[in-house]
Structure formats: structure tokens, C-alpha cells
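Here come two complexes built around subunit A, the first alongside subunit B, the second alongside subunit C.
Let's turn to the complex of A and B:
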């Protein structure tokens, strides 16, 4: 054991005395710390901004003067969500879906019908987040630090000298691996610091520990691969070449391939096609602003019969308000069908893309990280559904006021009669229809459970590489 | 009463597909200096690697203290200090640091005084000892590597071309050192193509030619092996 430790310490001494290794390590650390710092600042800033906007939007809405309720339906309102604490490290899908949604009548938020590329939620990241650096840059850094760990000794013939001391191949590999493990610990350190912030924002400490362990395991997988390459390859150049090739394939190519394959297998209609389909479906629904639309004939007949009257003017409620509510309900139903279809396609694409995690640990750690942080597609979909419900309730409350707080005659004649128009303005009391909205991520236990699968993929890689190392280690170096 | 420390019994070793040593047998007694003499590629280094358990014999046995090397590699490596051919140490470390590090790999710690003493014995320049070895001459590096082997204080020393890179004065010093070590009971197996040097120190010499032993010489009555005889045999049999 002390032999392994000594080999690791010696590797560190070599790094300390080699300018390249030190520069590589420092650059990586500066980037990581900088990115963690900036992302944290950004998040704190954004969260203050959001609080501010939320209050402002609410006040603006509540301070609207007495007016016709339907104008408030179009005035609209914002719903914000606080990003989950771990998004300081991994903003995940939120990086391009955003955290705010505009609620108004007759329209679902645009995120529901987002562009096909972004909606797959698997292709790209928005920012240079700590997660991205750890997933993609950290392995590169480890490669540059360790590619020659053993080839260097072999080429300089110091390997013979080590073996002459009775050291075994396995001990040498473990020692070099341990040295790289030390680098891993350094790389994960900024993550730990950023996690303190996440913990203070209310994330479960055990979940955070699991999150960090996952990243450590991922980076250790790279360490093992680096030691393996440096053992198998005869020269340092060969080892560097092989590792860079693997990095390009696994970190650059596979994410592209996975999303391309996923979008090709599960074909999603493009934005324009969807827009046309939505317009066509919506055109079959009556216009809620026109109570005379033939689409509402049945509704009118039913109401007249229910209240046992002969004309809409005699109804105790405002028929125009009833029509607005009914139209909104039907429209929402139709739009929801499109939205659900859209989400179904996205989920299917993501599921297929996730299979590629078997081929690329980069994809697995990405999935692991997003699921644990609560910034994955599933969470986003839930956010969309919850905000849609919020929107619908909000609009329908106003439509209810529209139906109950004025007469049909006033409402129908308000454009020609200033007095009637005045009577259709309802009290500001009615603007208090906004429900407090707070979006909660999935419970910690659910998120941990969901992240087992991608973690298992990473572990499988680690075990496979370690087994290979052991097989190689049995032979002489 | 002498005992056999290192023994090859009909040893045959292949590297890749080609046999490199075929049916080699020899015995080295405690406190003896045994020299394996042969041209380039004769299989000298291969023999040493086999005794260190780094290569496996295809047939026959390599024995150390009467035990087959293959069965107990770890204990064998603890008994043998090995100076690899063209041994290199780390250029970014000083002689002290190198020696400390490699000894630690063997699980050994030596005091600064011990190290100083051995550096003196191999006459490594005092002022160089704290400098990074990238500034060392080939001879100084070789001296440091020899010192490292000596510091192991093992009962057996394997030296692969130990005098390469040393100047004539250093070679003489080295030969005296080897003789003294043997007198003190260390068993030494050295590999060389330097006939003169071998005859200076060896109690036994074996001539190796393309993996086969083609001659052996033994010092009788405390005299040295005759250089002329060996040289003639070497020229005739070993190189070809």
C-alpha cells in the first residue's frame, strides 16, 4: 500500500516540477472555480430579479383599474419558478427553456411549442456551467496530466528501475491511478464549494453528497481509462492520440449522434407544421369573442332550456361570458392535446438518446446530473403542465366574473353606450384571482432513484476498464 | 561449506515466438561473482529477467536459493538487487531523491549517512549529489544506479552491463568494489561483453552465443581466470 502511495506522491512531484502539468491543472481549476463563482452569482442575481419581477407583475396586475374582465384576460400575467438549488452547478435544460412563463387567454406559453432542436433537450447546453466543465473539460485535463504516466517511464527506462525494486505492474498502475485520483479530488473541490450554496438554498445534503460522488466516479472512470491507455500504448504519443480519439468520440461525437438518431427515429413534426396543424384545429372551435358564432348554438339552446327562458337577454348570467369560458375550455383541450403529443415525442426522443449512455459515460453523467439537480426534461414537462393548469384557472376565474358580474345587454351594447360600458367595468376586487404559484422539484428520494440508472452505466464502464487493467497488469509492463 | 544461490537448470526461454535461451545450465555459489559473457543479442539480459520472474521459462527452471523463481516472485525480488541495462533514473530529481524514491518502492528506508557512504564507495562526486540528474554524465548516472542497487543490501546482485559508460578509472574502482562485496558474502551475477573486466572479478565465466552456452571458465586456486584464454574463446565461439 505504501508503495502505491509513494508512486502517486512521486507522480505529483513530477507534475509540480513540470511546467506543463502545472499550467494545465491551474487553468482547469481557474476555469472551474470561475465558472462555479459566476454561475452562483448569476443564480443569486436571477433569483432576486425573479422575486422582484414576480412582485412587480403581481402589483401591476392587482393595480389595474376597474375594467372589463376580458381585458384582464389579455393583459396576462407571469408565473416564475425558482430554479432548483443544484442548478448553480448544472442549469440543465433550464438553460434554454427559461424559468418564467407568460399566462394569458387563448394561448399557451410558447415553450410548449418550442423549436424542435432545443426541445429535444439533449443536444446542447446554454452556458459554460460547472457541470459542462466537469463533464467535458475535466476529462481532457486528466488526459493531459496522465497520458504519459506509464509510457513516460517506459520510454525513459525508469520503469525497469521500478520493476527492479520489486514493484509489480498492478502496483504501478494503482499508484498512477491514485495520483490522477488526487487530481480528480482537486477538480471536484469547486463542486463541493458550490454545493454549500445549494445546501443553503435547501437542497438535501445527502442528495448533494450523492451528486458529488457521481461526478467523482465519472472522473475516476476517466482516470482508469488513462492509466489503461498509458499501459497498453508503447509510446506517450500513442497514448495521447488514443485518449484524445476516445475523448472526441465520447464527449463530442456521441452526444450529437445520440440526438440525431433520436430525432430521426422518433420524427417530430417541425414548428411550422405544428403551427399550421394547431391553427387548423383551433379554427374549428368557435370564436369566444363572438357569442353569435354558430359553434355556440347548442350551448345557447341548452342554457335557455336550463333556465327556462326564451332569449339570451333573459338569462340570469351573461351569455357572452359563458361563451368565453366554454371557448377557452375547448381551446385549451385542443392545445393540450398538441402539447401532450409534443411532450410524448420529446420524452421518447430523450429515452432513445439515453440508451447511448451505454456507449458514452459523458451522456450518462449528463443524465445523472440533470436528474439529480431536477433540471431534466421530465421536470420541465411537469412545470409546463402545472403552469398550464395555473393559466387555465386564472383565465376561467376572469371568464366567470365576465359571466356573473354583468348583464348580457350591457356587455353586448357597451361599445355604443358609455353608461353600459361603465357598468361592464367590474371591481378591482375581482383581480385577486392569482393563485400563489410555487413549483417544487421532485422529492429528493425520487430524484436519487431516477439517477441510479445512468450511474449504473458509468459504474459498468469503470468496472470494465478496471477488469481490463487487471488483465493487462498480470502481464509484465 | 558453500551453498548454491542461483541456478539455471536446462533453462529455455522464448520471447515472442523465437527461443532466446535454449537449455542453459549453470550454478553460482554464495559469495561468487558469475559473469555471463556474450555478444549483442546473445540472451544475457534475458537470463537476468528470467531470474527476476519477469519472463517465464518455456522449460527448465530458474532457481534462487533452491526455490523455483516462478513460485515465489515476491520473495525472490526481495533478495535480488537488479541494475537494469542502461538504467535510467529521473532527470528531474537529484541523486538523493532518486535513491530515496526507488528504495521506498522496495520498502526500504536508508539514512542520509548510509546513502552518503555508498555514494562514496561508488565515488559519486560530492557536489553533484544534490543536483538534478539531468546534468549528470552517463558515468555519474551509472554510479548512482549502482549505488541504488548496493543500498538494497540484498544477498544477491544482478548487474546488467554495469561498467557501460564508466571511464577506466571508474571501472577499476568498480571491479574492486565487486570483489569486496563478494568477499563479504554477496553473490553477484553480472552480464557483460567486456572480457577483460569479467576476468578481473569473476570466479566463473559462461560464454553465451545465440542463447546457448558455448563455454565456461572457472578460477582455480584463488587465481584469476586467464584473460587470453577467454578472449580467444570469445572471439572464436561467442561472436559469430
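Let's turn to the complex of A and C:
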């Protein structure tokens, strides 16, 4: 054991004397700490801003004056997606999806105001979050520090000496790996500090620990690959070349190739295009504003029979409100079918892109990270579904008030009779049907479960590389 | 040795190096893939627009047919607006996966409609597309670094350095011809696929020449940088590390840092604020006296002063007037936001001079009309078109024109090239 430790300590000593190694490590750490700091500020600001807007929107709704409930259906409401605690490390797709949505009767709007749409659009890899740095730049940093770990000993002929002294090849590889593992620990440290913030914002500590372990495992996979390369390549140049080639392929190429392939395999028609089909389907449902629409004949007959009366005027409830509710329910059913279909297609695209995780640990760690942090596409879909539920609930509660809190005659005659119009304005108490909204990502256990798959891909890579070290690596030394 | 002899020796030498050949084959392959991926994406966008145009015309005709007054027709008829991909956009898909390039709008308050975005899959947009611009700006420098960093160091290691220098006449000549052979083969390998794609999509010769200049400048910059670095007295790997560090800082860190700086330097009004304010204004109108709507409306449109009297509880002209007043109420905020985005873009243009990769990327997407500026131009066209719709309907509504279907023959049509020099 002490042999392994000594080899690792020697490597550290070498790094301390090497200007390149020191500057690479320092640059990396400065970048990580800086980005952790900036991302945290930005996401916490965004979080407060959106919480504030949410409260403001709720107050605006509650403070509306007395009026006809259907006016409130059209007045509508806003929902904002507050970023989850771990977004201080991985903001995920937050900047690429709209973070607010307008909820109103008869329509499902799309989310608006993706931050990227107001950005200067110069960053080619998105904002420098700690997650991005650890996923893409940290491996490069490890490569630059470790590519010559063993080739250097070989070129200086010290390797033979070590072996002559009885040090085994496994011990050499483990020692070099341990040295790189130390660098990994240093790189993960800023992540731990930023995580404290996430914990204080209410994220489960065990989930955070799992999150950090995932990153550590990912970086250790790279360490193993670096040791392997510097073992089997004859020269430092060869080792660096091979490692860089791998890095370019898995970190630069694969992410873009995966998304290009996914868009080409699964065609996702945009919202405007599917809206034509929606209009077509919806036109078969009656217009909820028009109680005389023939689409509601059966509903009318049923109600008359149920209450045993002859005309809608005699009903104890306002038929127009009943129609509004029934039409909204049917419409929402149709709209949801289309919305679910769109989400299904998007998920299918993303699933195809994620298959590339078998080829690139960078894609796997990204999936792992976004899933755990709750900033992936599925979480955005959850947001869309929850806001839709919020929309449907308040619209239907207002429609219920429309049916129960006024008479049919007043409602039908209100545009000609100011007195009737006054009676159709219901009290502001009724606006309290609006539920407070605060978006939460999936529960911690679900997120952990979902992240097993990408983690397994990384583990597989680690095991494969370790096996290669045992076989080819031992022979090469 | 004569210059041609040196060149032909270098060419033969090069062809015997499997590594370098593979590198160029891979580069050509990636360039081809990037061009193919761009072409299919542009095809998809064009096909989408074709389909939308047909469906849009049909839907609008059906909507208008059902109505019996101009107000209702304006309410139910949507109009497709779009920004068609330019011939060159296959090479730089640019911001089109983030900024909307199609909207369907109607006569209601525009501020409530223009922020809807029919965006692509967010998780895929985060990765970005593999287009020629990405290949040229991000990957090409890496190829050059691998190809050129250890020319001298590797010959020294191989023990041929002195022999080569001695037989080539004088030293500089040799490295120059060796570099020219390697770099021009790489250049041809990556430019040819682009050229084929450009000819297939009918890009102007002039534009092709401009793209060639960008490719040339990018390759030249990195070549000189690599040459300068490889003449330093360090080992091959040390030179490569240094070059790579420069690449990381300029391609990765600088652009992202510039983005963050630009966003803090130039604040933009929150989109949410604009739309909340607009909605309050539009909804309030229902509870206010009619004059409260018509006065600010007439202030902007004095030509309708004599027809602005609203006598019934609901009149279409009042309805559309309060839609416009809603737009007017947030016009300043909305304008500020556009100005801010435009200024951010401009400032980012200056920052791009610190990053050859960002500069290459921006130049290409500028030439291809897929940059932020083009997205803003498109938004401007949508606004103009919406204004045209208003000037078509207002006379019909305010003069209480009798309904006749023939009036729609002069309904404005969206022209995607409106006010452009393209």
C-alpha cells in the first residue's frame, strides 16, 4: 500500500515542479470556483424573481374586482417555473425553455421567454456552469496533467528501475491513478461547497451525496483511461494524441451528433403545425360560449330530465355555465391528447440522443446530472402538465360558479339589462378558487431511480477500462 | 533541391504517413456530415414552411367564410409569418433553434402573441446542431493543432531533423512546404464538402467566396499560431498542451464569459413584465368607460377621431382599439427589450474579436442570415405585417362598412422578403 502511496506522492511532487501542471490545475480551479459562484448568484436571483412574479400574479388574480366569472376565465393566470436547488450547479435546459406560461380558458399556450432569446448568443457551449466544466473541461485538465504519467517514466528509463526494485505493474498504475484521483478530489471540492447551498435551499442531502459521487465516478473513469493510455502508448506524444482524440470524439462530437441524429430520425412537427390538427379536432366540439350550439342538445335533454323540468329557464342552475364547463372539459381532453403526443415525440427524440451515452460518458454524466438536479426535458414536461392541471382547475371552478351563482335569465339578458348585468357579477370571494402554485421537480427517490441508467453506463465504461488496464496494461509495462 | 522537388518530396512523405492521412480523411468525413446535417435541416425547415403555407391559406379561407362581419373575420383568421432559411443557412444553422422563425398572428394585441415560440426540442437545442460553422470554428483548430504542433519536435525525435534541413536547401523552405502541403490538403478536405453543398443549394458565388475567406482566415490564424508555437524549444506534448489551453480559453471560456459580461452590462426588461402589463391593460378595458380606451387610441390614430364614438356595449372597433391600446401601453418596454437584445448582440460582436472561433461562427451565421440580427429583423417584419393588418381592417371597422367577401381580396399577405435587400 505504501508503495502505491509513494508513487502517487512522487507524481504530486512532479506536478509541483512543473509549471504547466500547476497553471493547468490553477486555471481549472479558478474557473470552477468562479463559475460556481456566478451560476449560484444567477440561479438564486432567477429563483427569487420567479417566486416574486408568481406571488404577484396570484395577488393580481385575487384582487380582481367583482365581475362575471367568465371574464376571469379570460383574464387568466400566470405560472412560473422556479429552478430547483441543484440548478446552482447544473441549470440544465432552464435557459432553453420558456420559464413562464399564460393560463387561460379554452387554450393551452406554450411556455414563453427562454433566457437564451435575450442573450448575446456568443457562447457556443452554453453558459459556463460548474456542471459543464466538470463534464467537459475537467477531463481535459486531467488529460493534460496525466497523459505522460507512465510514458515519462518509460522515456526517462526510471520505469525499468522501479520494476527491478520489485514494484508491480498494478502498483504503478494504481499509484498514478491515485495521484490523478487526488486531482479529481480537488476538482469535486468546489462542487461540494456549492452543494451546501443546494442543501440549504431544501434539496435532500442523500441525493446531493449521490450527485457528487456520480461526478467523482465519472472523473475517475477518465483517470483510469488516462493511466491506461499512458501505459500502453510508447511515447508521451502518442498518449496525448490518443487521449485528445477520445476527448474530441466523446466531448465535442458526440453531443452534437446525437442531437443531429435524433432530429433526423424522429420528425417533430412544431406547435404551429400541430395546431392545425387541433383546430380541426376542436371544431367538432361545440363552442362553450354558445349554449344554443347543437353540440349541447344531449346535455340539455339530460339536465331537463334529471331535474324534471321542461325548459332551461326552469333549471335551478345556470345552463350557460354548465355548457361552459362541459365544453371546457371536452376541449381540454382533446388539447391534452395533442399535448401528450407532442411530449411523447420530444421524449422519443431525447431518448435516441441518450442512446449515444453508451458511446460517450460525457452524455451519460449530463443525463445523470440533469435528471438528479431536475432540469431535464421530463421535468419541463412535468411543469407543463402541472400548469395544465392548475389551468383546468381554476377555469372549471369559475365555470362552476358561473353555473351556480347566477340565474340563466340574468346571464342571458345581461348585455341588454344593466340590472341583470350587475347580478351576474359575483363576489371576489370566488376568486379564491385559484390554488397557490409552486413548481417542484420530481420527488428525490424518483430522480435517483431515473439516474441509475446513465450511471450504469458510466460504471460500465469504468469497468471496461479497468479490465483493459489489467490485461493490456500489465502486458505493456 | 528546387521548390517543386521539395513539395513533391513532402507530398510523397505525407502520403506515407498513415496518421496524417487518417486525420485528413476524418476531417473530410466530419465536414461532409456537417454539410449533410445542415442540408437536411434546411430541407426540413423549407418543407415545413411549404406545408404551413397551404394549411394556413386553407384555414384562413374557412375561418373567413364562416363570418358575416369584418370584426369576426379579423378575430378568427390567423396569418402565417415566417423567415425562410437562406441558401447558405445549411452551413450555419445559427440561432434558429432558439429564436422563433415562424409565428401565426392575428389582429389581437401583438405583444400577447409575439413571444410565443414554436421552439425546437429544448434538450437537443442545448447540445446544438452539428453544422459546418461548428466544424470550422470549433473542431478545425483541433485538427490543425494535432497536425502541426510537433513537426520539428517529431523529426528531431526521429533523428531526421538535420538531414531534412540540410537537403531542403535552407531550413525555412522545408517547414514552409511541409506546412503548406498538410494544411492545404486539410483545407481542401473540409472546404470541398461545403462547396458541393453550396452549389446544391444555389448559393451566390460571391457568398461562397466570402465563406472561403472566412475558412481561409480561420485556417491561416491557427496555422500561424501552431507554427509559432512549434518553433518554441519545448517538447511536442508541451507545445500541444499550450495550444490546447489557448483553444480552451478562446473557444470555451471567452465566449461564455463574454455572454455573462454582456448580459450584466446591458440589462433588458423582463419579458414577463411586458406581458403582465399588457394583459392588465387589455382586461381593464372591459370595466372602463369606452372613452378611456378611445382617447389614447385616437391620440395615436387621429384619422379615426370622428368615428371613435362607441354607442353599444360591444363594438368591434372598440374591441380592436383596446387591443391596440394594450400594445401602446407596453410599447416603450417592448422596444427597450428589443434595443437591449440588439445592443447585446452588437457588444458580443466586439467581444468576438477576442475569440477566433466565436468570430468565425458569428461571421458565418451573419452571412447565412441566421444570427441574432436576422431574428430581430424577422420580428420587425412581423410587427410591420401586423400594422398592415390593422390598416386593412380599421377603415372597414371604423366606417362600419357593409360586409362583403370581396373586400378580402386585398387582405395583406405576408412577404418574407419585405424591406430587405436580399
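Basically, the second predicted complex is superposed on the first by the 384 of 477 C-alpha atoms of A that agree within 3 Å, B and C clash if a C-alpha of one lies under 4 Å from a C-alpha of the other, contacts with A are read in each partner's own complex, and residues count from 1 in each chain.
Everything that follows uses one rule, which is that contacts are C-beta pairs under 8 Å (C-beta built on N, C-alpha and C of every residue); 3 or more make two chains touch, one makes a residue touch a chain.
If you're wondering where the values come from, they're calculated on a predicted model, not measured in any experiment.
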Between subunit B and subunit C, more extensive residue contact with subunit A: C
Touched partner set for A:243, first subunit B, second subunit C, both or neither: neither
Touched partner set for A:76, first subunit B, second subunit C, both or neither: second
Partner chain(s) touched by A:149 [first = subunit B, second = subunit C, both, neither]: neither
Contacts of A:93 with subunit B and subunit C, given as first, second, both or neither: second
Which superposed partner A:164 touches (first subunit B, second subunit C, both, neither): first
Subunit B versus subunit C as contact partner of A:10, first or second or both or neither: first
Subunit B versus subunit C as contact partner of A:226, first or second or both or neither: neither
Touch list for subunit A against partner subunit C, complex: 20, 23-24, 27, 31, 38, 49, 53, 56-57, 60, 65, 67, 71, 74-76, 78, 80, 92-93, 96-98, 100, 102, 109-110, 112-114, 116-128, 136-137, 140, 144, 147-148, 235-237, 240-241, 244-245, 248, 252-253, 255-260, 262-264, 267-273, 275-276, 279, 346, 349-350, 353, 370, 376-377, 380, 415
Contact footprint of subunit A on subunit B as seen in their complex: 52, 54-55, 74, 77-78, 81-93, 101-107, 145, 148-149, 152
Partner subunit B, residues of subunit A touching it in the complex: 2-3, 6-7, 10, 13-14, 17-18, 156-158, 160-167, 476
Subunit A partner contacts - residues on subunit C that touch it in the complex: 30, 33, 37, 40-41, 44, 48, 51-52, 55, 59, 80, 95, 98-99, 102-104, 115-130, 134, 137-139, 142, 146, 150, 153-154, 157, 235-238, 240-242, 244-245, 248, 251-253, 255-260, 262-263, 268, 270-272, 275-276, 279-280, 283, 286-287, 313-314, 337, 340-341, 344-345, 347-348, 351-352, 355, 357-358, 361-362, 371-372
